[in-house]
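Next up: the structures, one after another.
Two complexes are shown next, each including chain A; its partner changes from chain B in the first to chain C in the second.
Right after this comes the complex of A and B.
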């Protein structure tokens, strides 16, 4: 492959990457495996003690909580972000005026630091944060909102029935009629408000604590905590745009003739999505799911930023478990942290293997 | 020209040998206000005293979580020669073998005994208390005046204080609160000590279902009833001192650290300080003593110089200066009669209440036990759950005890 002397040059150029990989991956990985079988506490000389750290880790209820949280988080976020980013890519693949603006605007969350976004979310979901404020406002102005909605629906029904009585083909969601209905609804609400019939309700501020020890349970088993749900929303929000980019690139490679053929066969947009776009994007989807799973299984930064603002058990993930067991005050159970890290690596390996086994990526085309 | 060059070289050589003879002692401590304070002490006291010994002293604050940072530095062998050592995490650091036992190195006699005890393990003293703090009731005088309720006083009991808070709330209405209650063992445990609870039994286990603990827990969380007490988060504050600073909350239970905060953030707030109220049943007060010590790195290459620096930083002159600047409460017994503590301004009155708090009733060090800071988490979670009304006290404590058992059986 190389001429004489060329391979040395190649290795020279590769050296920076090879050396960092050797030191920070292979050497570190080897050390972690070694520590996971010793009694290392950061300050002593490690002695091999066999599988005890693994037994300790598996017997630690905090580790089991971290494992459950991580799996729940990975499954939900990967599913949500894959589906939503695909839909977003399809939406942004249309030829609309100002598409460049939308594409860059929607990409913004991905290039913003996750620490910054986490802090913003922490503020949004404070007890006196924007989320609770919006809910309070909605409750206060509920009479107005219900009036608008009610009048709109009634007027729409009346209009459609009227049109149909004149033998016109009017659908229930006919946009032209809906616009008229909306105008009438707003007008009625304004009139009622001026007459003093409609008034804002006096409600106490909505006071929900998002970062508290509250769980969604299934059959008495705590499955998902509210603080983790906030992180799920945040993480999905920030990762969608990156994945959307992959899908957008994939969409460019789907021949337009397939859609034309589908049009001729009379396919609806939904059928085109399910029967043309999704199968054609299969290799991209495989990649997106793999990247998503690995990324979510290793989620750490959001939990670290929220830190003590939420009870530990509601947020702890495997990566965070490894971290808190390494950096404590003085001696620390580094052997348990290493064992936890190895278990995390094994789980990711198994997940990717299963995915490769059952969802082959090269099935398409 | 040539001679000048030779002279210059000679001078340079002389300067470099002098620099080589210079010993540098590195001190690690907290960030925040400490770099300014310790820097001032170093310039005022340490450097003049050590100039002839050719000892230079530098202060390097550790940003972020101090315990984690110090752990990393100690493990890597880069920690300072002298550093702060918090009493609550002493065990973990002693276990590293990197803390120099001070027996026979430093005289411990002149320091308050309970503070020495806080830094003693197995008969060895590992640090000298830099200063200390306890808790006191800090109250907003204007709010009590406006509500026509008598100020909290040193004779208050749990019930009489609660009555005063309830009356303030009743008189001032919705925009005001009686007290800010942070869901934190560090602000609630003193009531449990007063009720007779011991954090660790003879086997080192913690019982949160002990009737004494339950009674104190219920008193503390009961203060939140009818919005008499609120959590700092409810008014967008992150500690109860911040609540007091808003002028909308009548009482905060905090330490001497609140003085500097109020001076900077609420300079016009008129406040007073009283001792923590007594438990009606036992007739005793409880209190925490928070302390940070000066320790010496066992791996230091300049043990003699480090010892000199430590001795100056804990000397009577330095402690008197720190006290009179209103920065901290001294750890030397000889300063308990200092004129500063008899002054009547709010800051000095606070120092007096904090100083007296250390010797009145059941006073225990703020301490997590041998397993480190995670020990308080079950308690804090239970406090948060009850204060925000998500759980009943009985349920929350039952869960906390279960978590505590798992933690302590690790």
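Right after this comes the complex of A and C.
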């Protein structure tokens, strides 16, 4: 193969990539490190002042809030999206008609921009918005819902016990019996409603204000704000479809014989999930968690779009902290912004390193 | 599991039908689950889409059946548009036309029996940028209300809005836009020619100082082409807002179009536009997204500009990715040279782990010094995506070596081999690369927000987040939702066409990688 002059050709091929990466990444990275030890404020000539910016940043209560918010957000979202996308993928992996449609439909949240979805969620979660309306409706029709569920459970138990008395291997979640139970439950509820025994409750509109300074606290420590919770829901909603596809690809590589063997052993669907699917998906899960952590630690778009619509401390993340400190009116504490960015980068790199070191797997990014 | 399940299994084996029933039921539950989840994933978008058509997307309780998508009202909006502006799609109110609108008010016995007071009211859009005050239909029209009959306690009224001409001259009618105000009124004709406007009636002269720049007007041209005179026929109104105030106890039973909103404890009903046309009725918020974001200096639509900027940016990103990512990917996959592993580890993998906020200050300062705080700077900043290089490297590594070997036997150099042999084989990977880059560019928010400092240069994501701060405070979500839907359409179209690639690429690289 080409040996003579191959290095030159290779560097020529790589030139645009190398030059832009050097200028816009490595040079920038170096400068950020440099600025984080100076008194730079965008307008002056930077002078080295040692570790002071880091001390300032760590002493800044807004930074500590941003750090806490970012970590809470990253851990909750990564956990939720990994588990839920795995379950979604398992559902999609069934060989039934119309799966192509569902796969495309479910993918919708992942193709639109975070700005669009954040705006839609802001609107949904207004004080008199659709989310509160749905909650009001659920409260109103709570008697109906409880009746349906209660009757369904009772009928299901009765049916399963009856089937078992006939020596049939009916499980508690037997689908055929559950279908019958559901029909009976709905019929009973309709009859009761028709007779006037069941009535919708008269409840005042649920008026919760989501983008207010409200916190969930543990032992007096503010852990999670409600606005951040809404963003957690939104972000999980957006990322599930992408991650679901990773899992789906992984699932399709699991040999079917494993499931057949499990079937012969009489494993329930849940046992198959825990004992076959989850272990076989370890490499993909590792990848999904890595991608998830890197992505969620950098959460920025949603906070910037919501901006002043929610109190700053409830939503601020490290990425947004860096942004607002860089563009603060007047003399911006750019050195503190740079120090914050370096800390953020270090946290992410340490997370990735720990994962690689202690949870080795054959998959790499 | 112990002996119990196998015991059950034997029993079930006797009864094939019993098992078949379970399979059917299981499929049924699965479909139900899939449908419920589809509502969950699509619901917010569909709800947003539907509500972007509403006059008031914040209405409570939110309705699912709205007049804007009801055939009856769409056809009425069309005919009102024809009456007012001789255009059933765009509507509006033009000089010399009149519009008829019917309102029926119920007055129960204990309520006052007086007629409602019906007036036109001004509409001044709140906007991202200061707009010149536009002329209002209420200052130029006459409104007549006459009772047309009574059934029970319901009385009907016929409202006629008449817009008399401001000139007595006749001739060709020309649409024009008013120019910079001076001692005389001037207008810019569709051809770009600026002409003086003559006001020949006292009614027209009374309005001389009320009319501002960029106001759309109709002129009458009379005389020879060389020394033609232009007479003001009247301004053209995009909308005709009507307000109906009823007495306590009275209510509106029906009207040609349903009222847009109610105020003052259901005594004041506003019809935002009684000459809407179909676009002005069903797609009012979409039209507003374009028309109410005009740049006062140029009169052109900022939103349209953002759409074009976004397309340009996406195009530039895709082009750069196709050329540079495949070159770099090929070099990393197939050529041997010192520092290859280092470049891959640092330039491709490490780069993807470090948050962009680290490079924020330096890149901002650098591009500012270069005077590149615009689309081009944004493009250079992300010229060669590390993710794209990774994708192409993976792809070229998967291709058979025989192709290159035969090419090298034919005496082809590395560049020829890449250009003639490898790249033509890379179709699927290039499509995948283009799609991810297009989507990435279209949805990019952080860097555009940092680097684009002028409204003219914005891309859609940054513009939309500006919508949030400009309109969100007042709760004008109609415009925000319409903008959001519009900005999502191109990616959705790309997705629908190239579904297969969306659904395959990322997943493959995860598993193979």
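Convention: the second predicted complex is superposed on the first by the 292 of 365 C-alpha atoms of A that agree within 3 Å, B and C clash if a C-alpha of one lies under 4 Å from a C-alpha of the other, contacts with A are read in each partner's own complex, and residues count from 1 in each chain.
Convention: a contact is a pair of C-beta atoms (placed from the backbone, for glycine too) under 8 Å apart; a residue touches a chain by one contact, two chains touch by 3 or more.
Every value quoted in this text rests on a predicted model; they were computed, and no experiment measured them.
J.: Based on the superposed arrangement, let me know which partner A:42 touches: chain B (first), chain C (second), both, or neither?
T.: In the superposition, A:42 contacts both chain B and chain C.
J.: Just chain B (first), just chain C (second), both, or neither: which does A:249 touch?
T.: second
J.: Applying the document's definition of touch, where does A:214 land relative to chain B and chain C: first, second, both, or neither?
T.: first
J.: Tell me which of chain B and chain C touches more residues of chain A.
T.: For chain A, the partner with the higher number of touched residues is C.
J.: Looking at the overlay, does A:183 come into contact with chain B only (first), chain C only (second), both, or neither?
T.: A:183 sits against neither chain B nor chain C.
J.: Check the residue A:55 against both partner chains and state whether it touches chain B (first), chain C (second), both, or neither.
T.: Neither chain B nor chain C is touched by A:55.
J.: Tell me which partner A:312 touches in the superposition: chain B (first), chain C (second), both or neither.
T.: first
J.: Could you say whether A:128 touches chain B, chain C, both of them, or neither, answering first, second, both or neither?
T.: The answer is both, since A:128 touches chain B and chain C.
J.: I'd like to know which partner A:103 touches here: chain B for first, chain C for second, both or neither.
T.: A:103: touches chain C, not chain B.
J.: Can you list the residues of chain A that touch chain B in one structure and chain C in the other?
T.: 42, 126, 128
J.: Enumerate the contact residues on chain A facing chain C in the complex.
T.: Going by the criterion above, the answer is residues 1-3, 6-7, 9-11, 13-14, 16-18, 20-21, 23-29, 31-32, 35, 40, 42, 88, 91, 94, 96, 98, 102-109, 111-117, 119-124, 126, 128-130, 133, 167-169, 174-179, 205, 237, 241-242, 245-246, 248-250, 253, 265-267, 271, 283-284, 287-288, 294, 297-298, 300-301, 304-309, 318-319, 322-323, 326, 334, 337-338, 340-342, 344-345, 348-349, 352, 363-365.
J.: Hey, which residues of chain B end up touching chain A in the complex?
T.: Going through chain B, the ones touching chain A are 65, 67-68, 70-72, 74-75, 86, 89, 91-98, 231, 233-236, 372-374, 377, 380-381, 384-385, 388, 390, 403, 406, 410.
J.: For the complex, give me every residue of chain C touching chain A.
T.: Its residues touching chain A are 1, 5-9, 11-12, 15, 18, 21-22, 24-31, 33-34, 37-38, 41-42, 44-45, 47-48, 51, 57-58, 60-62, 320, 323-325, 327-328, 330-332, 335-338, 340, 343, 346-347, 349, 351-366, 380-384, 386, 389, 404-405, 408, 413-415, 417-418, 439, 442-443, 445-446, 449-450, 460-461, 464-465, 467-469, 472-473, 475, 477, 480-481, 483-484, 487-488, 491-492, 495, 499, 502-503, 506-508, 510-511, 513.
J.: Residue numbers of chain A touching chain B in their complex, please.
T.: 41-43, 56, 60-62, 126-128, 207, 209, 212-214, 311-313, 327-332
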